[in-house]
Amino acid sequence: MKTLEMHLNVSLLHARYAQSIDDDRLEEWPDFFTRDCLYVITSYENHHRGLQAGIVYCDSKGMLQDRVSGLRQANIYERQRYRHLVSIPTIIQVDGQLLKARTPFAVYRIVRNKPSELFVTGSYEDELVLDADDNLLITKRIVVCDSSVFDTLLAIPL
Amino acid sequence: MKTLEMHLNVSLLHARYAQSIDDDRLEEWPDFFTRDCLYVITSYENHHRGLQAGIVYCDSKGMLQDRVSGLRQANIYERQRYRHLVSIPTIIQVDGQLLKARTPFAVYRIVRNKPSELFVTGSYEDELVLDADDNLLITKRIVVCDSSVFDTLLAIPL
Amino acid sequence: MKTLEMHLNVSLLHARYAQSIDDDRLEEWPDFFTRDCLYVITSYENHHRGLQAGIVYCDSKGMLQDRVSGLRQANIYERQRYRHLVSIPTIIQVDGQLLKARTPFAVYRIVRNKPSELFVTGSYEDELVLDADDNLLITKRIVVCDSSVFDTLLAIPL
């Protein structure tokens, strides 16, 4: 894949990923990942200290699906929604079919009868692969949140 | 138009649209639309309930031009400015010359002698067409604001 | 360079520039500029009044390097970090090898034990040139901050 095309494909993956969450199509969210995958939400401080333990830790697509089921049962979406703003990715490394990218984001939270407010900023540290149909899938996503101060409401995927 | 090119053209339209508002070149704003067009500002809640009534409702380029004249007479711009941050679009559908896109945004408000503050987040639900010169024009833009809580100062186009 | 390619290259420059600051690789920051360059941080109000004096004014790569050394000695980074969100650029003008671009941004500040908060919004007013290896370099960057209200902590490059 050429640079231009690669860069655009990563951007489009981010756009579709974010949109599926913000549009409450959570069931589509696990499909952005490979069967064996890693999805971690952690803080900048922990990430740069090399600490593996995150606030959220899922190491298979099945765990992501379970997470969605749990959210549906808890009806979290009734109480809050997110709005993702994703910035321009940088491609860190291309190694055969594996692509490493880093992408800054801001997520806003919307609670009924209140104005939108900034929820969290951070960067996606991604490892992406092309599947047989040339779709880009996430095999590893570390969501590195800038602040260590997390609201206890953290529940919807970032 | 190829995917890459189409996606870039939508992004560029957003960038120019936002810049014309943020640079106080409001008179250029109606020119982003076709003569017959729809421009609506509404809330996520109303939009997903299928309610047509918006906070702002203009169904022709002439109405957009009237809106700009009104703003100039009211000197709204003396009191506040906006800064749009537009994220990556997703192309929802391509149907001949008609293109449907969804694009998240955040708008910040700047009032003299105060720091910038978040004003509104949301998404543009757009229907776009190519004119005879291959320029992309807006034939329908629903500005879906995430929150239903609107400041009464809402006056400058989003 | 074709429009598509040009636009992407400007976007990538922004992404790498912002990432180097947010990742605390400040020593790489001056390398985004040509030897003779201009880097100014100013306010929207001053910029549109044509006032040259900015809050920060550097007119050579050497001055940018001195600035980084100063920051390292003052250990500013221990106390705060930034997160840049860069939006879609508009290419204002192409004149031979010189390219003028305008790009909106938001910068969030992260202070230990606090949630991220909006620090400043604004736009980069850039003049960019291609070097012998076809890399885009900044020969002039006016960082136009929307608000005139600046925190005294302004120290890390924007």
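We call the chains A, B and C, going by the order they appear; numbering starts again at 1 in every chain.
To be clear about the criterion, a contact is a pair of C-beta atoms (placed from the backbone, for glycine too) under 8 Å apart; a residue touches a chain by one contact, two chains touch by 3 or more.
Everything quoted here is computed from the prediction, not taken from an experiment.
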For this session: Name the graph shape formed by the protein chains and their touching pairs; answer line, ring, star, complete or other.
Result: complete
For this session: Quick one: compare the interface residues of subunit A with those of subunit C and tell me same or different, with half as the dividing line.
Result: different
Exercise. Cα centroid separation between subunit A and subunit C, in whole Å?
Worked result: 27
Seminar exercise, completed: subunit A residues touching 2+ other chains are 4, 8, 85, 87, 106, 118
Exercise. Okay, in this complex, where on subunit B does subunit A touch?
Worked result: 4, 7-8, 44, 85, 87-90, 102, 104-106, 118, 120-123, 146-149, 151
Exercise. How about subunit A: which of its residues touch subunit B in the complex?
Worked result: 4-5, 8, 11-12, 14-16, 18-19, 22, 81, 83-87, 106, 108, 110, 112-118
